[in-house]
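One structure is given here, and the rest of the page talks about it.
Residue numbering begins at 1 within each chain, and the chains themselves are lettered A, B, C and D in the order written.
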């Protein structure tokens, strides 16, 4: 009898989260509309991309090069490889979003685990990890990534993801560490220890749920950041390899003043898509952070 | 006070060593060497091999490291492959440009961020506060290079208000005209960088003010009869500015670092743009020098921050 | 020893703006403090004792808190005083001491500077006297080496020393009244005794009136001349300290005395007051709110009672009539 | 004589202070510096001292939240000095703790059911139905209504939360509960509620308490024996009467004199007496403390009474002991 009773009630905790989320998004129009736009965009991009054969965006067709919008059925015109801008937009968005998502997940998981362990145990473990991360923090990370991109053999999208994650997990780690540090000073952690609960369980079943909503809000904002990072690298020419288009590579057209001014349709749509995606994620992240703050107080 | 600074210097020494080792290994991983640029169709391979032998490229790696670090100590960072001049002079010339641009950007950033933070904190919860919060979270999340592109596209190329590259127009002469012209070239990149760079300072200062105003010593000050304005300036603000002072060390040393995206997009010949040209030209000696420089500047920034904190915060000064 | 009136509070009511609605926090408080008198305002957390103190000195948040009624200091009305005049009173006529010495001093200013600031604002002392006055103040509050302490920062001092500095700050301009809000709660008992001694010495030397906010009955018995007991924003009993401890009347006062595990009385069972203080919105201040928590007096709890206190014994005022019939269960039958 | 639950022998807890260039250990904070103590079945031992005396550290070491630097913790005549040893004998099944800040001692995201169930699931796991009954019974013992089983900590008052903490401590039928300032953060009326309730369960379940507090009024009401701690060592140990009626150590005398008494009539004499005791403490400090400021070793004065007296003073008390 009790098992059933308890499960229903535990949903209470989940229910509580659902109710706060719904109330927050209902109240905040900016976040709500952002959610609709982002979901719509993601659907178009990820489903659309399935129907686009590789040839559409790889084979070069000089004749159709730089067609202005609304010519030969190309609503937004074509780029220097003669590819239709809309197709390019869909494929590039899929690539950029996948990379950014992968980096966010890796940095989030790795950062949370290391942050929790150092925050909880403190002492030597904490000192070593902090010295190490302090050192990485002083390195010119962007420069090093660019150099590594140029010298790593057999370079592909996965290498880019690993390279970006290798340096950008530290931000999440430090945030998680500081929160876990304060939580583990509170008496309920001491009480769990004297109640015989293992350190592992205390970290991941007692402490993490208390900071989970904050982490989700931070992960959303870092997702926006990672999109900027990947597309930026690709814009400079050190992001995704040649065969895989990214929103950044589309914007790269603007580096040549002549194409920037004469053929804006080649890069402006990509810039607009990046801005929309990032803005919607930021507004959603803001709403999530408010939910996290509320859950801290109640 | 000195204990803090000496401890920081002691930490810096191993960090510098590891940094130089890392940069050296990075350089070793890069294909080619100073002489690969000279290989033309008719150069004699034996001659190149002799040059390499003379430069000690075949010695064991740690010998090369000591040789390299020895030179670096005396400012000799080797020859630039592509630009046929010593790396140090090349960096020296570009660093001046970067310094002035970053300085202007820094001044504008603080001039924007501090009043924003103070007005937002003093009207906490108002519409104005919310607008500033949204503005700062947007500028924090948005990829800066996209905004740089849009700004140069609109204000540079289309409207032509601002120059679209270089540091000064060739035909300008005389001290003041060149100065004005130089600033004219820096305005657009500096303003854009400032507009997008306020978030850190704004957030720190705003939450700092909100925290400090609930502290007991503010109640004590009011109980002493101190007027509201004086409570704000002498008590709340002074305490809230501590974290800003703390990261000022990094900001100052960052002035010499160079902004890769901004300088490349605005065509401004600073260290950032130099890095991209060096990468495209596979000019590895310039690349390694720039990475070493930036790492060193960051270390210096940490030392400077500690010194500033020790001066500003008595709790650190008098342990 | 107790002179003529210094502070007169008549029908003081404080209400708070809580999500759009004004709710009464303190209702119709009458209180007088004479020159040189130590009045203890006693009550548990949420009784409104600190709210009263902050409204006397005007430290309340003017947008969300409204103070009505009259509070006069030496005849000057304090309620709704314009800010400029209020600043003149604070730190010159009224000095205040807070509970937590660790956070009550600005961490970035030397002790001497913080004292000098209050001297500088009020022109009771001239610039050339500042240094001597600071040293004299620190000496007066029992700090061993005033010269050295004046140059130190708050984090270099112990809790006890910091509270002494707070007292020095409060008395810097020789105020007529000191408001001490739980001045010794955060301190160890031995240091608490010393701090209370310092307050009494100042009162004896300067005829300063002291409004002492506390929840510790022992401190009240040790230091106070008269006592006012507060419950749910109202004064339920007011008397000299001797009267109150020897002939407690109001049911709440008597219950508090029976709940307090004193050192020199060691009976087995402490009296437990059932239930909790009602929420602000449910407080009907025309009834004796404490009776809701006296199980055997629920009938009386419903009756309305006059706002004014009844003088049940000479100079001993009590609220309502429950005191006439109230008895503890073990005393009945 | 009731049997012993726990014995402490020469317990020391030192925290290294690192300073200087290489951050070497140059000094030690001697939080606990040589304490011997025995806790007997069904007894309430009061551990009294001001902030910084080391009483909380001692409590944490006994319950196993902190490791000792030196000395022995003997439980059922076995050494349980390390966490591993404690785990092996399921030490915390019999030695539990309740905390001062009732809100921070309960996980805000867990229901009361899960909070109380935690020790049961670790030490004496049982099938869900038995577990549910056990938890419902614990709620009755602490006087909380059954419907609160699935509520969250923020829905309770300070006194109720403290009782939930006690219910959790009782979950595994412990022999000893370490109570670190259990009522200091509570209002008078709520404090009385929790203290009465702690006495009730002691009578019913025969649990012993180590009652750590700075409030001597509360300690007098609750405890049978009292140990006074200063600068990391015990300065006096004895029954309640020994300590309150016949304090021998200057620090105990100073503590007792500092307590504000509710007796208004004698307050003038109290203040004068306190001043005298204070002066006596300052004058004779060097006699009672060694040059490092540490209290002297304990000297036995009677069957139950010990005090850290200087040697020659010890003869005097025999004389005093005999004639009163």
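Here is the rule we go by: contacts are C-beta pairs under 8 Å (C-beta built on N, C-alpha and C of every residue); 3 or more make two chains touch, one makes a residue touch a chain.
Keep in mind the model is a prediction, meaning the values are calculated, not measured.
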Neighbour overlap between subunit A and subunit C returns B, D
Where are there more C-beta contacts: A-B or A-D? A-B
Compute the distance, rounded to whole Å, between the mean C-alpha positions of subunit B and subunit D. 56
Measure off the straight-line distance from the CA centroid of subunit A to the CA centroid of subunit B, and report it in whole Å. 25
Using Cα averages as centroids, what's the distance between subunit A and subunit D in whole Å? 51
Mind checking the centre-to-centre distance between subunit C and subunit D? Centres are C-alpha means, answer in whole Å. 32
Can you list the subunit B residues in contact with two or more other chains? none
Along subunit A, where are the residues that touch subunit B in the complex? 30, 135, 137-140, 142-144, 146-147, 150-151, 221, 224-225, 227-229, 231-232, 235-238, 251, 254-255, 257, 260-261, 264, 267, 271, 274-275, 278-279, 281-282, 285-286
Partner subunit D, residues of subunit A touching it in the complex: 1-3, 5-6, 9-10, 12-13, 186-188, 190-197, 206, 209-210, 298
In their complex, what parts of subunit D are in touch with subunit A? 63-65, 87, 90, 92-93, 95-97, 99-101, 104-111, 113, 118-119, 122-123, 128-129, 131-132, 150, 152, 154, 165, 168, 171
So in the complex, which bits of subunit B are touching subunit C? 215-217, 219-228, 234-235, 238-239, 312-315, 318
Give every residue of subunit C touching subunit B within the complex, in rising order. 57, 59, 83-84, 87-92, 95-96, 98, 100, 103-108, 117-118, 121-122, 153, 155-156, 166, 169-170, 172
